[in-house]
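Common to both upcoming complexes is chain A, partnered first by chain B, then by chain C.
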Partner chain A sequence: MNAPAATRYAEAFGQLDTAAAPPWLAALRTAALAEFNALGFPTTRNEDWHFTSVTPIADRTFRNATSTGAPTAAEILALTVGDASWPRAVFVNGQCDPTLSTLGALTTAGVRVSTLTAAIKDTPEFVADHLGKLATFSAQAFTAFNTAFAQDGLVVHVPRSLVVDLPLHIIHVADAQAAGCMLHPRLLVVAEPLSQFNIVESFVSLNGTEYFTNAVAEISVGDGARLHHHKVQRESTEAFHVGTVQVSQGRNSLFHSFSYASGAALSRTNIYTRLLGEAAETRLNGLYLVDGTQHADHQTWVEHIAPSCASRELYKGILDGHAHGVFNGKVFVDPEAQKTDGKQSNHVLLLSPTARVDAKPQLEIFADDVKCTHGSTVGRLDELALFYMKSRGIGDENSRALLTYAFAADVLETVELDALRNGLERIAFERFTHSTQL
Partner chain B sequence: MLTIDNLHANAGDKAILKGISLTVNAGEVHAIMGPNGSGKSTLAQVIAGHPGFEVTKGSITYVGQDLLEMDPEVRAQQGVFLAFQYPVEIPGVTNAYFLRSAYNELRKAHGKEEMDPMEFLDLMEQKLKVVDMDPAMLQRSVNAGFSGGEKKRNEILQMAVLEPKLAILDETDSGLDIDALRVVAGGVNALKRPDNATIVVTHYQRLLNHIVPDFVHVLAGGKIVKSGGKELALELEAKGYDWLVGTA
Partner chain C sequence: MSSSIETLVNKEYQYGFVTDVDSDTLPPGLNEDVVRLISSKKNEPEWLLEWRLKAYKRWLTMTEPHWPNVKYAPINYQGARYYSAPKSVKPLQSLDEVDPELLSTYKKLGISLTEQKMLSGVAVDAIFDSVSVGTTMKEELSKHGVVFCSFSEAVHNHPELIQQYLGSVVPYSDNFFAALNSAVFSDGSFCYIPKGVRCPLELSTYFRINAAETGQFERTLIVADEGAHVSYLEGCTAPKRSTNQLHAAVVELVALDRSTIKYSTVQNWYAGDKEGVGGIYNFVTKRGKAHADAKISWTQVETGSAITWKYPSVILLGDNSVGEFYSVAVVNNKQQADTGTKMIHIGKNTKSTIISKGISAGEGQNSYRGRVQILPKAEGARNYTQCDSMLIGNTCGAHTFPYIEVANNSSTTEHEASTSKIGEDQIFYCKARGLSAEHAISLIVSGFCREVFKELPMEFALEAQQLLGITLEGSVG
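And now, the complex of A and B:
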């Protein structure tokens, strides 16, 4: 039996360079560490982790990442999808690499983007006002872990009424030096009222090493603002990934999340949003495609606090080999949240008899004038459609690949950024057809 | 070209085809008629290789080869084409991509290079004319949300692209308006060559006015109960099937 997390990570915590941290931040970290120590890693007895055992993470003791190799921009871009000309912030093993980052165009456009380290120095009040305020760590072991250990990250501030078409691409790269390490990237986004912005976060790996990414993003979407957050999780298949996106939404705001998960041995993605202002809309979409012995879990949690808000969730999973997919969609409707309109669907395609899925919708509705539906299906490839394709001369393997890709097509279409959608369609297609022509 | 000998086929435990024999030579058009549920679609699907039917007895020889030994895609690559009575919807795969995949598989099977997308588009332009179809249909998902008539037209478009040796049209005329019927029949006739053959399954004489058969067969209870020339179709139109099937 391993020593409790508390003892094992005390030393790593002591090694962190905290000299530059202002007192409030030092206090936040200490409190987070205490919470993490008290909670330990969740077990499957915890309802939120019922279908996902994090034993492989809990059994290991990861080190702080200290060194990075020197990947080139070309190497990194080859691993990502999207437009290579997008402004980007590149984090290698958790540390921002300014030489690989190109943020000029966004700064010119008026978006304030800086690393967490720089923001703590330059705009300490802004950071103090927001960091840890949305992504609270009480009873959230992984968020507490991140809050205690996050060394670097990104702070994005979109001023009032600013509409920017150019997206920000945040690229998290793990290289060979990440082996055995833990990476705790942190993202803070404040989209002021009436602003519009797009963020893409990619998690990629240059080597097939074993490491642990524990990411936290907290996003405030102001009144009338529109924010799209896309997460592309293509970690090493040896790696572990836990990522939490915690959002709060003001009146008439729109938040759209797209989560693509095909990497990691074990991954868990949490997308939590609180609809705090009237008539806000949230759209949560995702595609998880895993095989071998991969495990991919998504948990969504939509809290309808204000009236007349809409939530739309569509997730699709494609599971092959012995893979295990999990989807847990929680919807909470406050007694005040009348006229809530919620719809949730999760559809899974099983490509092998040994793949398995656990899907659990969870609706807690305390208002009476609401419309909330959920649907979930688990199926295999349609035999009739397969025969139809074969009867046109398309071979068995290709027919299956095409139908598999087709299953994912509608959820991929929810991605509004053309370059990202095209890129995701291409990698999904290649994965199934081993061909490159779409 | 096609020799069916004493063919028996089941769906699960249910015997559907109960001893069918039929010979189709190159250049011929055969019409198959018969009451609902008599086994016409089953016969067509067994020829195309539908995995839901089990052949329990008999044989099918196609251009000298044992057809029943071939996978459905190989049959298609060898020139067998079935226009489905109920074409299948495939949301998420565009018609254009589907057609190009099918066409290229055919080329590969015959040792030819794949055709690139631009070249294929040119080819499609001509083929669309055969069935008088709007090019916009190519960008839509295969049959998804197509009207009944559009689906049938799409089947003939596929046939025009694949240029089969043996085409089996299963009630391609059902659900077509009069103009569409003329277009579709015209398309089928335009694709006719002395070295290919056509089997049309239909309930109506009106299609046979356009696609004139050399032989007409009546299928009832899983057997061919009568064969004749094109005038048999007219006789059926006038008298129905009772005189052949017996009044049960």
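And now, the complex of A and C:
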């Protein structure tokens, strides 16, 4: 039996460079650490973690990441999907590498992007007003862990009415130096009313090392703003990944989240949105492809607080080998949220007899004038469809690859950034067909 | 539109009356001596007492579950009485010997034994509080070798069957309430259908809780031997009470190879008044085990009880076995229901169907909680789940907690859920066609619940529709 998390991480907390932190930040970190110590890592007795055991994370004691390696831009871009010309912020082992980052075009366009460390120095009021306000850590052990230990991250402020087509690509790279380390990247996005912006967050690894990423993103979408957040999780298959995206939405706003997950030995992605303003819309889409003994867990919460909001959700999973997939989608409708229109679908394809999936689509509804549905299916490839393809002269292997790809394709189509969609389609296609073309 | 409806909303519980019968009642409290006393009062054999004591000891180590989505004041287990039998407890030969007051109680409930015997051909084993007082149509059943009697009778007459099957589906250690029931169960029904026999009658039992402050701990065991077929009906009404009564029943179904058991329930226990005072706590464990090619079908219409907490489940043990769950759960005023099912697919080509309809009105909270488990060996298993909720008013809630756990890729599971409402416009339309508001609601709700009602035996289907109408009348306005 390991010592409790509290004692194991006290030393690491002491090693953090907190001298520059203003008093409010120091207080926030101390409070978060206290909460993390009190909670410890969740167990499967915790309903939100019923199907995912974080024992592998809890059993290890990760170190603070200190050293950054020196990957080249070419090495990093080879690992990511999207357009190489997109402005990017590159974090190596949790720390921003300004030499690899190219943010000039965005700054010119009027988007204020800075690292968390810089923002704390330059715009302390702005950070104090927003950091930890959406992603509260009460009863959330991993968010508390991140809040206490987050050293660097990115602060993105999109001013009122600014419409920017150019997306921001945030690349988190772990290299060989990350072995045994924990990385707590933090992202804070404030999209002011009527602004429009795209963010792509990629998590990649240069080496197949074992490390722990515990990311937290807070995204505030103002009235009438439109924000697209894409998360591409392709961590090392030895790594552990827990990522939480906490969103609040104003009136008539649109938030679109796309989550792609194919990496990590154990991954958990939380996407939580709160619809606070009338007629706001949320679209949550996701695709996860796992194999071997990988474990991929997605949890989404959509809280309809204001009336007349719409939420659309489509998650698909493809599981091979001994992989284990988990999906928990919750839709809450408050008594005030009349005229809510909520739709959720979750479909899972099991490619191997040993893969397994646990799904828990959940509705909690307290208002009467609402339309809410959810659907969930689990199965394998349709024998009839396979037979049809064979009768047209397409071999068994190609038929399976095509049908599997087709299963994934409709959720990939929801990605509006062409370069990202094409890139993800290419990876998915190569994965199933083992070639770049049929 | 709501003035006429208001009178209906405020309608008192129609079946709230108390029959004044002298009861042989134990003082409140639970300890080992109470368990021994219950056992000795029923002249039980040593092995059954041992079993009760094992359950009691296990119960002491368990804690009350609080994961269901219901809220209630803590239950004082030492404040309840654990045994109550009508005084007139001597072996009865015919209905003539039954206390006339009991018979008139049944009349008030509209289940006159004699009438039912003649008109509907249903054999009724009526349970008044905890002791079975009248049994009909026994001859007809015994001709076919069907055993249908009270649990206590079965313990004496068919000890080998009871010993073999008691606790085989719901072990005494299963959960807190099942353990409590195993320790103190008073009586219940036992049914055995021999090999290849198709039970000629619909078997039915009416449960009633009468003496105040008496927890009712029924135990039902139904065994369908190979190739047998039985349809069992259970209906409940209970008189009005001001303090909550705990009902922790256990129902075990054993469907051996190629047999079929159909178990239908209409539950209309006292739900408490408008303020949520009183009402029954209905914490029930129901489970069936289906062997090869067997089929178990649960149908339930839940309109009563302050709190309902039950998950009729099927363990699909044998290859090609089938499990079904059809449910209508209605909550009004301050009622709370957390109900659903568990389908555990173990055998190959096992099939399960779940149709659940939840209706919430007033300040009622209705939760569907279901688990579909496909184990690795369950090749070709198939599940279809549909749970629909209807909300009436914005002070109620409808919740869905389905758990789908699949560990075999040759299986197929489908789950669908939806939420809708009865709108003013729908009612307006019906009224424009000359229907009254209450008829309109009744019509819309019947349509919503049709898939479940059609699974009920006919006389139950009629009763269920009426019950639904009564429960919901006045909730729109």
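Going forward, the second predicted complex is superposed on the first by the 437 of 438 C-alpha atoms of A that agree within 3 Å, B and C clash if a C-alpha of one lies under 4 Å from a C-alpha of the other, contacts with A are read in each partner's own complex, and residues count from 1 in each chain.
As a convention for this text, a residue touches a chain if its C-beta (ideal position, glycine included) is under 8 Å from a C-beta of that chain, and two chains touch if they have at least 3 such contacts.
Quick caveat: nothing in here was measured; it's all calculated off a predicted structure.
Student: Using the superposition on chain A, tell me whether chain B and chain C clash or fit.
Tutor: Once chain A is superposed (C-alpha atoms), there is room for both chain B and chain C without a clash.
Student: Is A:105 touching the first partner chain B, the second partner chain C, both, or neither of them?
Tutor: Neither: A:105 stays clear of chain B and chain C.
Student: Count the residues of chain A touched by chain B and by chain C, then name the partner with the higher count.
Tutor: More residues of chain A are touched by C.
Student: Answer with first, second, both or neither: which of chain B and chain C does A:350 touch in the superposed model?
Tutor: In the superposition, A:350 touches chain C alone.
Student: Using the superposition on chain A described above, determine whether A:279 touches chain B (first), chain C (second), both, or neither.
Tutor: After superposing on A, A:279 lies clear of both chain B and chain C.
Student: Name the contact category of A:361: first (chain B only), second (chain C only), both, or neither.
Tutor: second
Student: Given the touch rule stated above, what does A:16 touch, chain B (first), chain C (second), both, or neither?
Tutor: neither
Student: In the overlay, answer first, second, both or neither for which of chain B and chain C A:378 touches.
Tutor: second
Student: Can you give the closest approach of chain B to chain C, taken over C-alpha atoms and in whole Å, for the superposition?
Tutor: Result, nearest C-alpha distance in the overlay: 15 Å.
Student: Can you list the residues of chain A that meet both chain B and chain C?
Tutor: Common interface on chain A, chain B vs chain C: nothing in common.
Student: Provide the residue numbers of chain B that touch chain A in the complex, in ascending order.
Tutor: The contact residues of chain B facing chain A are 48-52, 71-73, 75-77, 81-82, 84, 87-93, 97-98, 101-102, 105-106, 109, 117, 141, 158, 162.
Student: Under the stated contact criterion, what part of chain A meets chain C in this complex?
Tutor: The contact residues of chain A facing chain C are 47, 51, 335, 338, 348, 350-380.
Student: Along chain C, where are the residues that touch chain A in the complex?
Tutor: Residues in contact with chain A: 67, 374, 376, 389, 391-421, 423.
Student: Across the complex, what residues on chain A touch chain B?
Tutor: Against chain B, the touching part of chain A is residues 382-385, 387-396, 398-399, 402-403, 405-410, 437-438.
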